[in-house]
């Protein structure tokens, strides 16, 4: 039989379900997940639609948000239990600053080839990464995953660094067309769309070495939640792992799912590049990211991701 | 009883009244006359407790005035601005009755009655800005009279009225004064009027720093009557005396 | 020449003037007398082009009035509100001179001069709300006179003045009228005054729908003089006749 | 009414006492209930100092971070405010004076007024180039309304008798504006200006969220927010508050000069 | 005659504005996906009227708007009366108020969410926070503008300070407060939508706009959402003006209409 709820986990929407409903000794059966309409968290939706959560005795409610950082206060306050496709860079920084006691329940997505690309106009003078030096490159958020990875790529190729401009993905096409920036670093589906609309040229794959298949987002929660609900957390991890296995093996399943919860149209879903869905969480892979962040000053001191992974 | 004791008054560094001493017994109708700008309105505002006393003292019924005395009513010289444009005339008149704790219906009834007495029957539902100047002035008078004040201050209250209406209202004022016995300070620039309605006339000198130059009891025989009284030789004599004092 | 031809006027469904026909030759000083609320101010506002004509026509120098006629000046009944509180008195008075293309210094000089003539020497730098009622009224008069209008409309312009000042200003008005020859429409509720200053007196009946009940030329002999003129038997007779008409 | 110097300094004393008390209370609460999100004022002050005001005396103690972020922000804000004020007063007067102009423009203006600026980003990006022009445009677009509406209302509610006086005095258009409508609407215009001023600060922050921005107080703030650097967030908030206070005081002084004719 | 003419002129103005936008949209400054012409946007906006999910969102936004604005009124009018009539209080809190006023809600969203949760409460609080100021300032300035003689009149009749406040200063200021309310109503609407866009949680018009912004050709939907926001503002303003006309027939602006 299940222990009764710890009342302190907040009286928000997430707290309610509770009790021994699970029958598998879950601390609580209902989990509220804040999720972004991105390809990154396709396994979450697969798990829901294919009954994987039910199988674990979980009642998962999904609350859409637009950016993962927007869900941070709700997570701190206990209104949501888990954030799916949480941007690691942002959340690791929050963890370092102490605004959040971060735990990673499961890895969500890793970079895959051409899921984000640096694009330049068809007739641009920029022919190689070496030409990017000092040029204006649009990224979604400054000092985040995109500049982090691109800097690493350029560093390895010995090219100079560009000047980054913060431009939201949807505006990158206009900015490129109007010549306001020299290149854009766009993610799918904007990547494909801009290539198609402007005949833009791919300058470099944002997922090339040395950042190939580097982890970018995951399912995160608070230390408090993880320690008080170990069995619920484990059940959630199992369900996600099972879904990730489906996603990894059967891309069509993901492509079918995408139009259901994102703004990606069915036609786009056919052709866009998907991220990689890791089946197991790997501290070593995560360490690649934290070390890169440390190197580029996004973290002040090194973090051992092993301490953050919920086992 | 209203007492002014060596009252001095002014605005900023601009002196207006200087050493005014006056005693107005209960129930007296005192007329104040004087050249334009000499400080008549200032005097009334001081008595009403709207301007803090500068020098000397003002006392009502023995107590020095600080704030507005009880059961006071004022008709301001600038009557137009003193009416509330958002209230119909009737409500404007009924407003002071709220202090008397009357019910809504009764307030309205008394207001209509008083409006009728000042010749504004039927104007109760209109707004002040829909009335002519003289009508507005009468609304202000009705508002002052309706609350049966024991001290009534009137600043050129009949200035915008035609001769006929003016005479009617002079008589109304005397009638109310007779029946209610209020102490009244009545500022006017019409010397005839001051003699006709006043029990006593005070003349102020030209400012700055005006003083009382004449303080004259009006002892006219018999009940006032617009035609007979104004023809009396005493009336003519008083009028001439006051006229001389004003012109001096 | 000012002509009103079967003029009808009113507000909303409230009729005020009915079938007024009047011709005022150039240079005449016409006094308009009538009970409070009969429509005197309405008449002036119509002539000034501030109220659209309802019925009939109003024409100045043969052309029907649409908008404000040229070289017009008005003293409004509510003189206090008609002054601009954000301008010093001197600027208030100098305002109409802008139309005459005078320089700044000259405007100021003329304004000060006119202020002196109405007895407000030295008040030019103060603000209107720092003046007494009578002083404000004189500022309004100064503002009207300073621009040498050829048509001057005055709505109870001396209502807030003491006897002495009033007489002085009556004489000032006559003097200006004499020297400049303006056409003047002068509303007053003082019958004596209307006879004293007017070349002609028109009496309106009580509203609604007032008409002209008396149209009387004032043919007083000699130059006007406050004492001598008022003592003339013609003066007394005219006064009585007008009084009767007003009361009727 | 002229207030004495003593009264004025008493007012200032009172004002600062209350502010100090509020800060002390805040300090106490944050010490007894520590939270990373709500750091104590002393920490914020220290951080603000190191961030912006620990520069060399030759630069008025400003750090490079201060000159690179605060000055451009102030420039954007002031430009936006000045344009909004001028446009608001001009348009407001036009709409207040002419019924026809009002009828023509009103629906469009009321529509535009309710449009949330963040949703207009795609349009801004298409119509304007990145940088100052876009930022100032977005500030003006939202800050103009309080001035415009208050001016129009003020002008419309000018005492009709005074309008008649102007007609009789045959004042021409500009004279009417100068001597009648503007002075008469001035208190309302100032109410609008004060609202618009603080709105400009808020919008300055928003404008630095726009694509292509790389400096400014608002950028510092949102960037710190995305990096969970709460101390910098608070430092920026405090700076905004202080700027708001100073700018408002300046505006009040101007207002006192223009409106300082006491009671009527 | 006047009302009809005004409506016609207003319609003309709208047509002109639409024509201008359409011209810009078709001028070929950029690809159509980036800035669709008005006609497409309007069509989409009309389509949305048939979408119950969208309408629910609009309902949620309007509810938050009404709550926030109501709260702002309930705070601002009494506070404004207090500040405007008791100079000591005004002096005392001025520094604090002026300090708080320019704080942007963008920055406050996470902090307020932490205190009130990421729900309607936060939205309402932020709306109220932003829309308090216009009402407050217009109240304070209005009190300063009240004719002193009108106040003296009531004082002379023996009414106390509170009565003068409620019976003279409040009605005299009411039209001015109403103008503040009119400003606030739009500010509140903007805040309702913008908070949704920036906070990213829940449902509402702002969420619709934010989500539409994530699509590769979402501008049309974003602008359709903008059309709805603007139309709401138009309707709200119309209602407020109508109310003012009925409530304040004495103001110079409305006197002619009786």
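Order of writing sets the labels: A, B, C, D and E. Residues in every chain begin at 1.
Convention: a contact is a pair of C-beta atoms (placed from the backbone, for glycine too) under 8 Å apart; a residue touches a chain by one contact, two chains touch by 3 or more.
The chain lineup, named per UniProt: B, C = ABC transporter; D = Nitrate ABC transporter permease; E = ABC transporter permease.
As the structure is a computational prediction, the values presented were derived from the model and not from experiment.
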item	value
Each chain counted as touching subunit A and subunit C (ABC transporter) at once	D
Smallest count of steps, each to a touching chain, taking subunit B (ABC transporter) to subunit E (ABC transporter permease)	1
Chain pair whose interface holds the most contacting C-beta pairs	D-E
Rounded Å distance between subunit A and subunit D, as computed from the means of their C-alpha atoms	38
Between subunit E (ABC transporter permease) and subunit A, distance of the C-alpha-averaged centres to the nearest whole Å	37
Gap in Å, rounded to a whole number, between the CA centres of subunit E (ABC transporter permease) and subunit D	17
Centre-to-centre distance between subunit C (ABC transporter) and subunit B (ABC transporter) (centres being mean Cα positions), rounded to whole Å	27
Shared-contact residues (touching 2 or more other chains) in subunit D	37, 122, 125-126, 159, 225, 263-264
Sites on subunit E (ABC transporter permease) at which at least two other chains make contact	30, 34, 110, 114, 147, 197-198, 213, 219, 255
Two or more partner chains touched - positions in subunit A	72, 76, 168, 170, 174, 178
Pairwise chain contacts, counting only pairs that touch as defined	A-D, A-E, B-C, B-E, C-D, D-E
Partner subunit B (ABC transporter), residues of subunit E (ABC transporter permease) touching it in the complex	147, 149-150, 152-159, 167-168, 171-172, 174, 248-250, 255
Residues on subunit E (ABC transporter permease) engaged by subunit A in the complex (per definition of touch)	30-31, 33-34, 110, 113-114, 117-119, 197-201, 207, 210-219
Subunit D contact footprint on subunit C (ABC transporter) (complex, rising order)	45, 48-50, 68, 72-74, 76, 78, 81-82, 84-87, 95-96, 98-99, 127, 129, 143, 147
Touch list for subunit A against partner subunit D, complex	69, 72, 76, 90, 93-94, 96-100, 138, 141-144, 164-168, 170-171, 174-175, 178, 180-181, 298
For the subunit D and subunit E (ABC transporter permease) complex, residues of the former touching the latter	11, 14-19, 22, 37-38, 99-100, 103-108, 110-120, 122-123, 125-127, 142, 145-146, 149-150, 153, 156-160, 187-188, 190-191, 194-195, 198, 201-202, 205-206, 209, 218, 221-222, 225, 233, 236-237, 240-245, 248-249, 263-264
